[in-house]
Every structure is written in C-alpha cells, then in structure tokens.
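Next come two complexes, and both contain subunit A; in the first it sits with subunit B, in the second with subunit C.
Our next item is the complex of A and B:
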C-alpha cells in the first residue's frame, strides 16, 4: 500500500473515529519497497488539497524519511520545481508498505499488512 | 476452502439434471443473526468463488465508467466492495482506494492492471477504515444488496456518504440489483419476494479424462432485490440528497451527495 493511502486511512473501530489519536495510523515493523511508477504531475498537483499535510509529515518521519517542510507546497511551487514534484511522487506514489502493521493510537488495535494489503476486518468484540 | 453444499449440488453430483431444487431462504435465521447469515451466504461464498467470479466480471458497466471518467484529474475516491478491481483503473488520472470483504478478491484486485498497481485493502462496508469527509467520491457496485436488513443497508449508504467531502461536491454512486427485471432469465418482477438466495454454480474439473466428469458445486448467495424508489428512500433516510438516479440492465442506481 502506498503512503498516499495512509493519509486517508484511520481506525475501523467506530468509537475511534471521533478521537484525533486514531489518525494517522502508525506503521510498525514496516517493510518498504520503492516501485517505479510514471509521474503524473496533474494528478499529484490536483490531489494536494485532499492531503492532510501534518498527518503526512508524521507518517514520513515515522517511516524514516527526511522531515517535510512545515507547509505543503503550493501548485505554483510544484510546477516550478521539478525536484519537489519528484520527491513528493516518490514519497506518496512509489513508496509502498509491503509488510508490517498499522497501529491505532487511540485503541491500540494493530492491523496487519501482508503483501501490500492491509486487513481492517475487526474481531467481533470491536465491531 | 469452505464449501456450502446444497441439495442442488448433491443432486447434480448424483448426475440428476435440471431443474435443480432451490433451497428456501430461512427468514428466521436471517432476522435472528444478520451478520452470521451474511457470513455464510455472502462472505464465505465470495471467498470460495473469487477467481471464478472474477473471470466472469471484466467489463466495466457504462454508467459507472462514465461517472469515473467525468471526475476531475486528481480526484480521490473509494471503491467499496471493489471485487476484482475492474473499476480501479478506468480513469488513470484519479486515485482510488479499493476495499472488499473478500481477501481473495482483494488479492486479485491489487494486480488488476499490473503487479501491485491498485490500492486495495480488506475491509467491511459497515466498518470502513477511512477518515470521514476526506474523499471526493465513492462508488459501491453490487454490494449493498447483499446486506440482509434495511437498517444495515441504510447504514452502508450512510457510511459511504460520511466518507465524502461535505457540501454538494462529494458524490456517491450506488448500484443494486433490481426486483423489476422482467426481461432477465431470473424472471423476477414487482410481485416477487425481495429476499432471495441466488445460486452460483461452479464447475470444477475433477478426476481427469476418465474421472466422474465435471463436478459442480452450487453456492447460495443472499440478495435483497430493490424495488423501484427504495434506494432513493434509503439515501434520504440517512440524510443524503439524490442527485441523479436510474435503471440500468436489471439494476437500480443512484448518485447521491451529502445534504
């Protein structure tokens, strides 16, 4: 699963949705791979308004990436600076979590990631 | 692999030909424990038939394909109950997170348009792992008719609506099987029972050339068939707004947004 996906994922437990501690989920024992994916500048620039930048910064730091700038890049900055665009593409689109866990900071539940697929089915006592 | 063997498959195994007897839907069992009923008559079935099912589901339906193609580049959305992932790559300029209750289908969907090209997770439609109000759109095709009570079907619609951005911009597209399908081989019409078990017959080549022939296993899937107007009622009941709705080849569909 791509790092971009993590920006939209939270705990599947209903009681956790209202807690700010449940987002973003925290990667644990994550094994990463870098895929080679064609850069789609329009897609990347246009989806920036949907990105929660502070959650992305947390995720990047937790996965050992260099700290992100405090503010998200503007569309103009991305269009003017190809390296910025490439760095973002590398982080969001090309980096995948293949194995590991995603942990909810509120309830502590751990969701397994295997072969790039996270499993959010809950045990019956958490549904 | 779990198998739901029925009277019909026993009959076919014994070489008795059509018509097969269709088991009755046990409404008491359904009402008493809808979740375990769906586990048996929906989730276990899809897990067992995943690859056979996928091989018969490769063509995107035009209404859904045009909904996806009309999205602005950079839109982010969900495909809840993505099955084999046939809608995940229709529009390469949008980002879609697919999910399905069946881990076997999710694995197929992940590699739908090349190795690990699609973003997918295993999740339940009533306990989705997405942050609320975060995406531009959600599609949910041939999923909610597998939920066995109206409360659960409405909750599913409400969960989809809750996942898209507030205001009129977030759009949800839902497709369900129609009760009124007079021209289909099933022969249901407005007077038929809305709750049905629908057989899925899987032929498994067994025993080689000299073996007993092609064994068949019949799986029974639960469906709630929607009557005209029912899907729109469910959208309104959970506070949504109907943007557009219609009938397309034995299905009712609706595009809804948050009110």
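Our next item is the complex of A and C:
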C-alpha cells in the first residue's frame, strides 16, 4: 500500500468517521519497500490539492522520513523545483507498506496489510 | 473543417457517448453535423487535423477518421459537393501517390461498377502514381445501403460520402487486452472492448485518479491505466485481488501489459463500510456492481444479531485471523446503487464522472429506472442488448455544488431507506432472472392457479 493511499483512507468503522483521532491510520510494525516508478510531474501537481498535508506529515514522521515543511508546496513551486518533486514522488508513489498493520487512533482496530494489500473488512460487532 | 468518423458495427449506442467524451478529454469542441444510428458514418466538425488524430487515437468504437470531402443522396450530388467544397485542397495532392477505396455498408458492388465509381472521380486533378500499397494518400468512397440491400436487389445506396484518410482508431487495443490472452480472469471479467470504452466515457486520462469499488480481476483499472490514469480498486473478496499470486493475480495483469506504473492500490473493503475518506479526491469511478444473480448480494453484518448472536461472538474471537471472512447480510441492488451514487457525490471532483453497469429485463413493466441523486447529473445511458435482458452503462457527472438543486438535496437527506428481508425481495433483477423474465403478474397468477 502506497503512502499516497494512506492519505485517502480512514477507519472503516462508521462511529469513527466523526472522530479526528481516526485519521490518519497509524502504521504499526510496517515493512516498507521502495518501488521504482517513473516520475510523473503532472500527476503530482494534480494530487497536491487533494492531499491532506498535516496527515501526510504525521505519516511521514511515523515512518521515519525527514519532517515535511509546515506548508504544502504550491503547484508553481513544485514545477520549478525538481528536488521537491522527487522527494514527494518518493514518499507518495514509491514507498509501499508491504506487511504490517494500520491502527485507528480512535477505536484501536488494527487493519492488516499483507503483500501490500490492506484488509478493511470489519467483524460483525463493528459493522 | 469537417471530418468523417467510420464506426465499427458493434455497440451502436456507445458511439456518440465515446467520441463526445474523447473530445472533452482532449479539451476541444466537437460538433456533430450528421449522425443517425442506422449508419456507421458520422460527420463532425473539429478544429484541426491534429484534433482529429488526437480524438480517434483513443477511440475503441471507431475504426478510422477521414477528412470529409462531401456527402450526397446520389453520386451526382456527391460530385457537385466535392467540386464546390474541396477544389482549393486539390493542388496539395497533385503529385502525391494515392489510391481510391470503396467502403460499402450493407451493400456490394460488382467489379465493373467499382471501376466505374472510381473513374467518376477522374475530375480530381491528381497526376501522382496510383499505389495500392502504402500510398501517400488514400481516398474512400463510403456507401450506406439500406438494410439487406443485396437480398432485396436494391439499385443504389441511400447515401454516399467521400473522404481523405487521416488516421486509424485505437481499436486494435481490444486484441492487445483480449481476455483470452490475459493471465488472470474470472467469469465476471468485463471484456476488453467494453472496459476500454467505459474508461473512455468516464474520461480517464493522464494525471487523474480512478477507482473501481467492485474491482474483481481488474478489467476497469487496467483500462484506466491504459489511458494514463492512476488506477485504484477494492473488492469485498480479497481472493479476487490476490488470485493465485504472481502472473495469476490482479497485479500480474498490470505487469503483463507493462502498466504497473499506473497501478495505484488495491485493497479489501465493503462499500457500505468503506475506508475511503469522504473527500473530493477522485476524478472518476467506474464499476460493474455484482448483479446478485448467483447469490443474493451481501454486505458485512448479521441479518439479525438477536437471532444469530453466536455469529457476533465468534466474530469477536476470530476476526483477527488473516483468513477471517466476516458474515454477510442480504443487500438490495437498488440500495447498493443508491450507496454508489452517494459515495460518488462525496468523493468525485467537480465534473468527475461515475459510470456503472446495470442489468434490466427487456420488458418495460420490469425496467428499473435510472437511479438519481441531486448532485449527480445523468450524462448518457448506453445499452447492450442480450436475448432476454439488457445491460446499461449509466454515466453521471458530479455537479459543482453551485449547480445542485438545494431543495432536492435537502429532501434526499431526510429520506430514510427501507430495508427488505430476502435477497429476492431486495433485488428486482435477480427476481426476474429466476422467473425467466415473465411479467410478475403472470408469475403471481400462475402461483395462485397451482393446485394446493
């Protein structure tokens, strides 16, 4: 599972949706791999307005990446700065959680990630 | 300039929807000058030859595009128009090698007539070599004959067109993505032609995010990835994503086509308890929801927790095991479509598209209407007809909030859905499927008349 996807996903439990503690999910015992993916500047520029920057900062820190700047780069800044593009590309697109868990900060439920595929199915008592 | 699109002869109701979508993707205006469903020839106005190439390159339903030189009810009319409209173009092709072809739809011409037809264009001042193979320019006479023209021995076509060939379509991709040659498929995999067309109609394109919430073996994400979008998908059944692993998995399919760079993520979830954040992040959603024919549709949860407490208790104990499959409860097809529309409303960007497939019986009484939502404007409905049932591709546009009818939206929010009980009660398509699509009244009276 890409770090990008983690920014788009939250706890599947309905009662958690209204709690700010349910997002972002917290990686636990995460085994990371780096994919080799071609840089796609157009995609990254389009993604920026859809990224929750503070959640991404939290995730990056939790996974041991260098701290992100306080503010997201503007599209102009991104287009002008190859290094900024590459760093973001590396974090969002190339970094994958292959094995591990994603933990909800509100209800504590742990979602398993196996072979890069996260499982968000809930047991009956949480539906 | 006017251009003539030569469509293939399949999936007629998808033709206009696809090329209009492709004009939106390419960002230029396209005006349809002439098209009727009886003919595979369509005349459009486009800003340039470059635009014509761009448009047709991604079309699956078209075969080719041509510069339109004229149309007539008879050859006399056609020649008059060609002379009037295109004489300024003639000098450009004076010395080019060329050939003239004949494309007759629903008709034939004996050889002698063909030669006469070609010769009737001899007023064109072309002095270049006539080359049957790889000429610089190819001109085509298009004839639209009436239905069964050969059997009825009709003397002349209904309409004739003339054009200069510009470019082929992307139709060959159907073969590249043919399910027969795909490493990993299931009985419900969407065929490559319709998957690519669906992704076109939903406006998949580079830099965009697309999502299929019923991903199965990944036909739609593969089509979206082919058009350059980053493709996401999920399924309630993780086994369909994983397959047998390696080449026989959804990821293996992406690798087979060299599209792994465009694979976003695949995850296991249930649309009614989706982990996808309700934020406007997606450019397109496309799916072929489970019809619930083979088994009643299921969502997570017990049918009745009071009667089946052991399911809940067992779930509490074993749900942490990796292979745990939660119990499921019946789910109405229509309720599911409602959920999809609400999900699309919450997650699509302005003007983002939702395209989903929906089956119905070929019977007006039993036809399910097009589901509605105040935030989703129905753009187009395309139909594929089978013997006793039909499936429709229904496409919506997420209206910008400023265009949404706020009164209708308030009413929608106050509406409380009712829940049925059995899978048959919940799913009109499944019920009719098992009843052989007889009118419901006939079934009811047959039951009453049966000896007790």
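We take it that the second predicted complex is superposed on the first by the 127 of 127 C-alpha atoms of A that agree within 3 Å, B and C clash if a C-alpha of one lies under 4 Å from a C-alpha of the other, contacts with A are read in each partner's own complex, and residues count from 1 in each chain.
Assume a residue touches a chain if its C-beta (ideal position, glycine included) is under 8 Å from a C-beta of that chain, and two chains touch if they have at least 3 such contacts.
What you see is a predicted model; the values in this text were computed from it and never measured.
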item	value
Overlay on subunit A: subunit C relative to subunit B, clash or fit	clash
Which of subunit B and subunit C A:125 touches, first, second, both or neither	second
Partner chain in contact with A:11 - subunit B first, subunit C second, else both or neither	both
Partner chain(s) touched by A:95 [first = subunit B, second = subunit C, both, neither]	neither
Touching partner for A:59 - first (subunit B), second (subunit C), both, neither	neither
Partner chain in contact with A:106 - subunit B first, subunit C second, else both or neither	neither
Set of subunit A residues, in rising order, touched by both subunit B and subunit C	1-2, 4-5, 8-14, 17, 23, 40, 42-43, 45-47, 50, 52, 111, 115-122, 127
In the complex, subunit B residues that touch subunit A	35, 72-76, 92-95, 97, 99, 101, 103, 106-107, 110, 116, 119-124, 126-132, 134-136
Residues of subunit A defined as touching subunit C within the complex	1-2, 4-5, 8-14, 17, 23, 37-38, 40, 42-43, 45-47, 50, 52, 110-112, 114-125, 127
Partner subunit B, residues of subunit A touching it in the complex	1-2, 4-5, 8-14, 17, 23, 35, 40, 42-48, 50, 52, 96, 111, 115-122, 127
Residues of subunit C touching subunit A in the complex	206-209, 230, 232, 234, 236, 238, 241-242, 261, 264-270, 273-281, 300-302, 305, 311-312, 315-316, 319-320, 322, 324-327
